[in-house]
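When the chains are written out, they are named A, B and C in that same order, and each has its own residue count from 1.
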Amino acid sequence: MQKRTPLRISWLDLFLRAFQFVTAVVILIGLYNTFTAARYTSNQWATLVFAGLAQGSIYALIALGYTLVYGILLMINFAHGEVYMAGALSTVFLANYFARSGFLAESPFIAIVLMILFSAAISTVVALLLERIAYRPLRNAPRLIPLITAIGASFALQYTFRGFYGSEFRSYPTVEALRGIWNIFGFEVPIVQPVVFLSAVVLMLALYWYVERTKAGKAMRAVSENKDVARLMGIDIDKVIVTTFALGGALAGAAGVFNGLFRPQGVFFLMGFFPGIKAFTAAVLGGIGNIPGAMFGGLLLGLIESLGPNIILEGLGIPGTNQLKDGIAFTVLVLILIFRPQGIFGERLSETKA
Amino acid sequence: MQKFQFKSIVRHGLLGSVIALYFSVIGMVEAFGSRDLFGEYLNLGHLLLFGGIIWSGFAVTTGRRKAGWLTNLVSATLAGAVAGVLPLLLVLANRQIELREVFVNVNPNLMSILTFERADTAGLLLLLGVSAAGGLLGGLYNILHARIRKAIGMSVTVTLLMAIFADLVIQVLSNVASRETTKLFYVGDSMKPAVAVVLFAALAALFYARQTLADKRATEGTVSTETKKAQLRTRIFQFVGFGIVLLIAPWVLGSFLSQVLFEIGRFVLLGLGLNIVVGYAGLLDLGYVAFFAFGAYTMGVLTTTGPLNPAPGLFNFWTALPIVVLVGVFFGVILGFPVLRMRGDYLAIVTLGFGEIIRILALSDWLAPIMGGAQGVLKIPNPVLFGVEFNSPERMYYLVLFGSLLAAFISIRLRDSRLGRQWMAMREDEDVAEAMGINLVQTKLLAFAIGAGFSALGGAIFAARLVNIFPHSFNLLISINALSLIIVGGLGSIPGVIVGAFVLVGLPELLREFTEYRLLMYGILLIVMMLNRPEGFIPAEIFKRELRAGEENPAPAKAEA
Amino acid sequence: MSKRLFTLLALLMVASLVLAACGSATPTEAPVADEPVADEPVALECSDAIGCVEVAPGDSIHLAYMLTVSGATAFLGEDSLGGIEIALSDRGQVLGHDVELTGEDSGCSSEGGQTAATAVTSDPSVVAIIGTNCSGAATAALPTISGAGLIMCSPSNTAPALTDPDGTWLPGYFRAAHNDKFQGRVAAEFVYNELGAHTAATIHDGSPYADQLQQVFATTFAELGGTVTFQGAVNVGDTDMRTILTTVAADSPDVLYFPIFEPEGNFIVAQSTEIAGLEGTTLVGADGLLSASFPGNSGENVVGVYLSGPYITGDAYDSFLTRWDEQIGGVPPSGFHAFAYDCTNMMLDAIEASAQQGADGTILIGRQALRDAMATTSGFAGLTGNLSCSEYGDCATGEALGVFEITHAELDGNWPPPVIYTP
């Protein structure tokens, strides 16, 4: 029995390797066929890349909320998508008010900053309420328990906001200042996409700086390493956890406004569910609990979703490729996790934590 | 006399106020304002509006018996008045600006409910006054003698439930007696006030008597000394009684409640399967719906009389059933392979991905020639056994009952087997389990396979009941619901799965009347239940111990996910 | 000792309940039971093959709805529900009775439809049902509904199988919404003959409605002589349509037919200008998008988009929208409210036509008689045009369809848009 164990494991490895090899070959065939067919112009590809980056940066901002909370509490905040929705949906009224009063056209920068602050505030309040009501009482319970309250909170938040604002679809106003086209490396790109992408990157860098360089960030890292020792060192665990939720909420709120600028339509009470799951996927892809991992995972996921159907599946001659784009995203996730079960940036440490 | 605790009064008052405001703004007060509970005297909207306010009067006086009854009553009244403030401010604010532009449910109708249909200041004062009275009521309840309080509390609850679930009571009553009988107690779906009063009084007397007896027994210290034999006999009686109840249930309850029972049974089957994967083996699976879909689609495609059937007329429900289960087991192993190395939350998201991939494939145009795509699989025949067609919820119930009993039996046998102990060892610590000579690959794959088999069986029954299946039925919510119910019931516990299914599947079905607020209630229910009973309704022994260990030790309980 | 006490108390309780109930019940119950017998002993006898519903004086006629009022398709249910409520309050009393509306959330799924159907049919006082929104829910609900002798009228089922006797049709099923066969054909004819398009691409969203509609469109378009360059799909919940639009743009078709719903439809319209290759492509949608919120939510690109749908123009519809704003607030969230309004009125007409009336105001509604009355509806002037029900329940015959063009006026709040084509 003991002797056979290594052999069996290697069979498994062999199987998984073969699986990965076959998938890689299939993907390469798809890529080859797509490029030799040359159905799309380079400008069309560029559109998809920039849209994917903008979308990915929104995923990344939400994913940071998952990752921050996971790093500290080792729990999946399943309701985080709803935190994002709360900010995005509430701010739509402010944005339309600004648009009607002409403020948005006059001084778009200030208006957008105000919108981001408002959205971040709403999302932060929701995130803190969530922590206080649904998670704090269960901090010492087995990990599955807060997962269930998170699921419950997710439903409760969705339908609370539906009760507040109704179930219609709403949209953000278009911002005149962001309407034009930029010429980047010879490609025509709507201004709003690089603007959203860069603003999100700035926010992420700010977060990274906060966590790595400030004293509060240090406390966060200490708590995520070892709660007991951190407490002995005089760190107020509750305060750190509250800060973490607030940070995650604020980022999600900002993501809500970015989403509204980049893609104004379809703002409604269930808008947080899919982005929440996608962002969670992105966080896991990068290595959950790891901040650069969440950023990278978000961008990668955005690109896969944007490019995947056309670049891989079409080359394979599969009809209705766009329907399968979530399938591609999850397949890539599985492929990566098979050989790096801790995600792309995850430390080996996380295996014992998980 | 102790001083008033103003801080506590304001705090509890505001909390109650927030609850009242919340139900008002999300529209429930107005939506259920037309749902009379006891004739014209009380509707569900009032209950939602004043529930929180009464609670604040109750909460502020709880544990303050020493303060004296007068102080308590005054505190409670004050708290009630404070609780009325936010709804009052809502009315005032709405007079200044049109809040409806943003909050769609703050409409004139709500305003007239809040101000008792008076547009002047008197309406506002009335709101404040009634709130104060509500607080007083809560306080009054609290200063009663414990025995009376319990009796009143219980009977109020029961009476309210009888009124809220009136349509169910009516259905059962008209099934066992006649429709005319129900008209003695209910007008439409609202309970006659006189009936309510009598019911309340009778229940209160009953509960009071029972409490008195119980107290007396407790003081006398008599402990029932039943012999083992007698215990066994009661056990058998209970068992037989339970069996009879299960068998005759659909004929007593009528078709709607049988349908609800069927839904519950379907989720019991899913829950038992998932319980093996998550509860026994500790593998967090969020994509469990995939196997359910495999089961339903295999059954659908093999037996349909439509064009999708590759071998028309070859299979009926019973001959397809073994194939369905085998397909489920097969895919359990196939999908189990890639995730063998993953743990905890990584496993969760990957399995979630699998579930989504399966749904997406079922929906896709690519596989539409095989699985029907968006048009689904139509015309799946109902099972027929000895000439009896299972075409009604009452009959399908027996099929799902049989399936659940089978699954429960297998689950129990597995739990106590060598394999079951291997699973649990693996759940506690994979590395140690491996070091002890447990073959992780085989053990994990077996868990996935058996769990998948149960789920596929559930899917097959589901398809045969529905006749037409569409990919949208196999969404993430099924996985989430199955996971929630085994945790709410008590992870790893078989009776827990059943209780969990009754609560999380049955209750939302009964809450249909709440239509658009149903999922809100479901969410709140999940949170409240987990906060009150984190170990689940009927926890398995081992988790009970673990949770207690966690409470004694401030260090976070080691995860077993 | 204690057990006996309990039994006694329990018995007392039951007895007192019954007494109390009888006490309060007698005055109201007695006249109902006695009077008709005394005045007209034979007039109201149920001779209907599948049973009757008796509505006593003072009682109300009970209608039920089965709509999707929760989840991602809640807007559909709210849209229909609003139409029903306005129809009922416009109508007032029917044959001297109030009309009571209760409802079930059927969701947009088969299992939801089935459970809702068993719930509705468990109340024998229900006369007729308005619902369901989704065809999947209807196919699962229909056996139960039909078996219980009820009629249902759907404001938004469009699947051809539902009114096909070889499909999933069963007696008692009616719909005011247009069969996909009609609407897909009208759209294809409009696009080929009026717009002069020769190439077209289609997008559906995985709902049976959109899938069927685009299939009918594509088949008809090809029959007429056009070329279908691409048939693809998005998922409900997708927000980024650039990928599929890029695929569509590779062939630069004359027309993109996307018979889907908000918000996916909004995204397609809004993102269509970002993609190189779609400059010459005309967007054409269907009644799933024919709602007042569509232009505003889609932004400026919406100008020049065509939508097929029920012929809802004129004063009647304008006053409906005014009523909506008063009674419910805002604008209807989707495009099926007018069908719901018509369904409700057709059913109430059929009830008026088929019910037997007693001298005291009691009415007796024969279930088969009601079905027959409903099936013989003809020339009903509804919000959605003239409706005449066929033997298999299609009340919208396809003649009352129109194609609307969205102009700048709609972007500024005008609704409905001008009709530019009728078959």
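Remarks
Keep in mind that, in the parts below, a contact is a pair of C-beta atoms (placed from the backbone, for glycine too) under 8 Å apart; a residue touches a chain by one contact, two chains touch by 3 or more.
Remember, predicted model here, so these are calculated numbers, not experimental data.
The chain with its C-alpha centre at the largest distance from the centre of chain C is A.
Highest inter-chain contact count (C-beta pairs) belongs to A-B. Ranked by how close its mean Cα position lies to the mean of all protein Cα atoms, the top chain is B. Centroids of chain A and chain C (each the mean of its C-alpha atoms) stand 38 Å apart.
Taking each chain's centre as the average of its CA atoms, chain A and chain B sit 31 Å apart. Among the residues of chain A, those touching two or more other chains are numbered 159, 162, 166, 319-320, 323, 326. In chain C, the positions touching at least two other chains are 70-71, 74, 78, 206, 231-233, 235, 330.
Multi-chain contact residues of chain B (touching two or more other chains): 104, 360, 363-365, 516, 519. Interface residues of chain C, counted against chain B in their complex, comprise 2, 5-6, 9-10, 12-13, 16-25, 29, 69-71, 74, 77-78, 100, 103-105, 108-111, 114-116, 118-119, 121-124, 136, 139-140, 143-144, 161, 167-168, 204, 206-208, 210-212, 231-233, 235, 329-330.
Residues of chain A touching chain C in their complex: 39-41, 43-44, 47-48, 51, 55, 159, 162, 166-171, 174, 188, 190, 263-266, 268, 270, 273-275, 305-310, 314, 319-323, 325-326. Interface residues of chain B facing chain C in the complex, by the touch rule stated above, are 100, 104, 107, 167, 171, 179, 183-185, 188, 192-195, 197-199, 201-203, 205-206, 209-210, 213, 254-256, 258-260, 263, 360, 363-365, 373-376, 378-379, 391, 393, 462, 465-473, 509, 512, 515-516, 518-519.
Residues 1-2, 5, 8-9, 12, 15-16, 19, 70, 74, 76, 93, 133-134, 137-149, 151-160, 162-166, 227-228, 277, 280-281, 284, 288, 318-320, 323-324, 326-327, 329-331, 333-334, 337-338, 341-343, 351, 353-354 of chain A are the ones touching chain B in the complex. Those residues of chain B that touch chain A in the complex are listed here as 22, 25-28, 101-105, 278, 284, 337-346, 348-350, 352-354, 356-357, 360-361, 363-366, 434, 437, 439, 441, 476, 480, 483-484, 487-488, 491, 516-517, 519-520, 522-527, 530-531, 534, 543, 546-547, 550-551, 554-557, 559-561.
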